[in-house]
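Just below sit the structures, each encoded as structure tokens.
The two complexes that follow have subunit A in common; it is paired with subunit B in the first and with subunit C in the second.
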Partner chain A sequence: MAAIEEQGAAMGRPNGSPSGGPTGGISSRLSMQTRRLLWVWGFLALPILFYTVIRFYPTLQAFYLSFTNWDLLRPAKLVGFANYIKLFKDPQFWKVFKNTFTYLIVGTPISLVLAFAIAYFLDRVRFMHNFIRALYFLPFLTTAAAMAWVWRWFYQPPPIGIINDVLGMAGIPQQPFIRSPDQALFSVMVTAIWAGLGFQIIIFMAGLRAIPSTFYEAARIDGLGEWAILRKITLPLLKPTTVFLVVFSSIGFLRIFDQVYNMTTNDPGGPLGSTKPLVLMIYQTAFNSYAMGYAAAQTVVLFVILMIVSLLQLFILREKK
Partner chain B sequence: MRKATLFAGLVAGFSTLAFSSAQAVEIEYWQYVFDTRVKAMDQLIVEFQKANPDITVKQVTFPYADYQTRVVAANMSGKGPDVMQLFYGWLDKFAVGGILQPLPKDTFPHDKIESDFFPIVSAMKRGDDYYGLPTAVRSLALFYNKKLFTEAGLDPNTPPKTLDEFVAAAQKIAKHDASGNLTVAGSTLDMGGQDHQWWREVLIRQFGGEPYTDGDKKVTYDSEAGLKALSFYTSLQLEKKIGQVGFMDEGQAAFRGGKAGMTIDGTFRLGSFKSIKDFEWGVTELPANAEGIRSNYASYFANGISAKTTGEELEASKKFLAYISSAEAMDIWLKTVGELPARRAAAMTEANLKDPIYGPFLKGLEYAHTTMFMDEAAQRQNAIDMVNRVFLEKQPVKDSLKQAAEAEQAIIDAAKP
Partner chain C sequence: MATIELEKLVKRYGKVEAVKGIDLSIADGEFVVFVGPSGCGKSTTLRMIAGLEEISAGTLKIGPDVVNERDPKQRNIAMVFQNYAIYPHMTVRQNIGFGLYTSKLSKQEKDKRIEEAGKILGLDDFLDRRPAALSGGQRQRVAIGRAMVRDPSAFLFDEPLSNLDAQLRAQMRIEIKRLHQRLKTTTVYVTHDQVEAMTMADRIVVMKDGHILQVGTPSELYESPVDVFTARFIGSPSMNLIGGKRSNTGVEAASGGDILIGIRPHDLAANPPAQGDGIRLTGTVTAVEPLGPETLVHLDVDGTPVIATARDKSVPAVGSQLTCSAPSGSLYLFDARTEAFLGRS
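Take a look at the complex of A and B:
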């Protein structure tokens, strides 16, 4: 009963929305409408309150902390922009900044193209379709830490690394992978892409299924080739899905942590800081060095980056009218 | 008659109840979660409460990764422990941050501390005050795989005594496949493990230098001795090819897996190595240099009293701290956790020194140094990077050393309270 009432309220909201006010005119329904609105706001207040306490307040607090020298032990003292100046002068920060964007700029397109290609073809496969899909989705369900450790062992030099064993059998020289400043970042990125692939495939497939088959039938009757269908029908109609995945995956790569941390625990973010993303730097600054103010400044920078990247993507991929 | 006894018993019961409820003091003890340490402390608490029925000690534990943050956060909110365990390297933060109070001199007289404990306890002293006392201490030693020694034609009962012998033995043990890949390491090379301590407090001193001066606030290893020490360390991989950084992922894993002839590690590794079934291993003192100079790195967790503890709780805390740093407690700790007693008399017993495993660690304590870290994680990272620059980026040893010394000085200066 309550559920029906709530549904009614939800449906009725656009008419009696706050902008219009509950002055619908029909006085007999006014009290009913007000009551419903109270219900709605009553339900909404809880998450709002929750978010205010759990999300917004700490966010604002982080902004404030970034202007202090708080170290957990002594009371925070305002230091103006000192943390930000220190950050921009810190060569480690720029290295980490570069790493973070490498993860983003290389990782996002590769993972999306891969996911789309797999989804596109998997969509046509009937034989063991569900099984194959489950295989792709499995890594997404696995704990990032467990997966990172397995990959970490795969990447080991001989005698224990599987990948190097295979390379050896094929007569290809051994690779240092996560022990090399040049290869480590990409070695870690591969695992991150692999881990996120299943989710992206599922979303892409849902998007593909949502395109009405009549469009394809019409195109085929008109004699359009597969390539043209892909370019003219599938990709444009898939745009909302793509936008969602681009934003989602970008945020994922900008916040990458688990894989890096677990694959390099004895030299976190190493070797020589070559795999360290911004989030790991924040973690170390805050919880190894206890420089909370400095870490807060790094967090604010990450926040700004995330916001700019997301807005930029929404703007570029926006619906052209 | 029976009634009378019963009555008397009841009265006695009530009176002790009343007595203890009037006198009962509960204090809280904090340490991090490590199975054997928690068990040992449980046992110590039982013994302590037997001797002091009016005091109850409540043990609270946290995962190691959170522990320091918890203590600091609890201190801010005023809900911290009365007695707490802390790593000696945290003292600067804890003392300056007002988390600990100086040990009361009436219960813990300085001359007693200095005469009874190993000299490394001085790391708990700031100004004129001691801020904590350890129950147990840890030192380093050379673990060696007797099976690999025998296979390489070495005598498994005479492990290397000097650095030259160490290198020679490692070279005999090390094996490479046709394409030059290491398959068995002579010795592990793992700066992220204990090698950075070995390099810092042992090798630099053996090559005639000093890692730091001025209470470890000034980095002095960018010197002739530092250069020799780092060249020696990096040559183990580059020229002598006895090991490789990252071989089998971690040094201790390589040793455990029977793929490394030797490894330098601490007392805390004993528990994990004790479960090795495939081969017999032994322990010996860290190799001396050609002139016979030895050094070692020792560290410990100490127990201190919270700055906020006063009155009855303070009296109870003093008693408890005195008990857990007594010789009796140290013996229980050694048996349960396997860590060495911090009191000279409790440690240097005939039986302990003769023990083939504890003996070498105990001898190391006599000449051990303790680095006063300002930011342990960052200083360790700095040592890892220094070696990696030489191995992975082919940076000349001299330049890498100079860069490391400057970077570490910056870390120390930034962390100065």
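Take a look at the complex of A and C:
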């Protein structure tokens, strides 16, 4: 039993309990093995308890609720797959589904390429390096609500909206941005990308710094150009970092909510639902329509999407032996 | 194949001069070892030859051409680094082949060269493995293989054996030397290990504080070092130094004298015969290091630590008084003030 449990443990950990030793009392009556197990499980109990109550129980509860018609007032009644059938027949769901994947498929690559490019060049800048890095990181520290409101201003028509002002100076006709069903989603996406950029740059830079400089020197002596070094050495060696950021950023875009909600407060997810992501739909179903069962079914769908996308990415980007 | 000429080569980092105008000419096919303590400028010099560091002043010629302003790739040199610099995401074959990345050879020709290098270095069975599956010595061989396939005009080694354990280091030393005898490519090798310098070099360059102290064959450096620093740096254990003065019969130990007497531990025999010329020292045994065929005896001679060699099997007791002697002819004399070499006695 104990031997089986040990298999997963890291080697070379100190395995005696601090309370060990022949001091009498309860501890001396138990074997060393038992005392060690008690000690280990004592520490593990707290997070396990926390996760069970705070995470796993509500998750399972959501799965259960998705099969009910609970609306906060009447007791929940099991309705089978009715919520799911309704969802898949709901045109609004497919619209939202498409929006969510547009955020994911367009947003993730753009934000990663942008973050990598900035990190790659910032890594070579010595002048005011820390200051510039801090500037990029600042949006990550800012509240989404405040940030979204500032960007709403940017997107306003002239003379309030600075972007339209600049466009006007360049002789380009003014754009509706978040007022247009065609442009709103991308306008929100820009804000979301900008907000996450700082974090991704920091992680990319850490990854770049971890590559030994002799790798580059050896490549220079072997006669590789900048582009070949980037393609043959930097990018392959940066792969673990990239995998992490792809998954992390994808999950972020699949769960996008606060930027959308704050930039379209008059009509959340508008105009005409053109910016609405899945999480906002869930929020509205649950807390505007109070259709808890239906909202739970939507969260289960989101859960499945997140899981599939993450596993797929980990599989595609896995280390090939 | 090429000669390498350094003329008044200087490297400055801001106001600090790391290399202070050194002159050296390396013949075609020669194996030159730069040796010196950390921070003496030996690696910087090598990196200037490689083109990884800009040259602040002076000229560097490889073959007939001045290459100061050329990129590393245009100098046609190959370099082996201390941490191997082989890529973990490529197989051994790809790593070795990486040296040919820019070459215009055909695919078959490249493969042939890789196979050949693999065979010479004993890596034939590992060509399709990743570096992670190799030992330190094998990794270093991959790095050497990558340098070899290029057929460069010079090999540069930057402390290539420092990350290996003692046994492997001894083995790789011989392998690199054999490789040089086989390829006859001009080689510049940087190390802080005087044993590597002595065993591998055609000529040794001893550096200190950005200057070249002495250039010579290993035996020249061993037999007639220019000063105390070189004398103590070359040879292991380091040369003993005691104060002394000239006398009618030659030299004798004396504190506050105007010369320093250098005696190699190897020449200073414990338990000598009662009579004989040369120098005799008596001191207290502070430690003994039995090495098998001989025993190193650490003595305290009037406050100066001295190492002597006991060749008989008797190991002297720590704390006992011991007399040892070195025959005349084995002594090195230095000026006590300038530390310059005066001659042998």
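Following the convention adopted for this analysis, the second predicted complex is superposed on the first by the 284 of 321 C-alpha atoms of A that agree within 3 Å, B and C clash if a C-alpha of one lies under 4 Å from a C-alpha of the other, contacts with A are read in each partner's own complex, and residues count from 1 in each chain.
The working rule: a residue touches a chain if its C-beta (ideal position, glycine included) is under 8 Å from a C-beta of that chain, and two chains touch if they have at least 3 such contacts.
These numbers come from a predicted model, not from an experiment.
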item	value
Fit or clash between subunit C and subunit B when superposed on subunit A	fit
Geometry of the superposed three-chain model: angle at subunit A (Cα centres of subunit B and subunit C, steps of 10 degrees)	150
Broader residue contact with subunit A after superposition on the shared chain, subunit B or subunit C	B
First (subunit B), second (subunit C), both or neither touched by A:G168	first
Which superposed partner A:G273 touches (first subunit B, second subunit C, both, neither)	first
Partner chain(s) touched by A:P139 [first = subunit B, second = subunit C, both, neither]	neither
Least C-alpha distance (whole Å) that remains between subunit C and subunit B when both complexes are overlaid	53
Subunit C partner contacts - residues on subunit A that touch it in the complex	212, 214-215, 217-224, 228, 232-233, 236-237, 239
Residues of subunit C that touch subunit A when the two form their complex	50-52, 71-73, 77-79, 81-83, 85, 87-89, 98-99, 101-102, 146, 150
Touch list for subunit B against partner subunit A, complex	69, 72-73, 75-76, 93, 96-99, 177, 179, 181-183, 190, 192-193, 244-250, 259, 375, 377-378, 381, 384-385, 388-389, 392-393, 414-415
Subunit B-touching residues of subunit A, taken from the complex the two chains share	71-74, 152-153, 156-160, 168, 173-174, 179-181, 266-268, 270-273, 284, 287-291
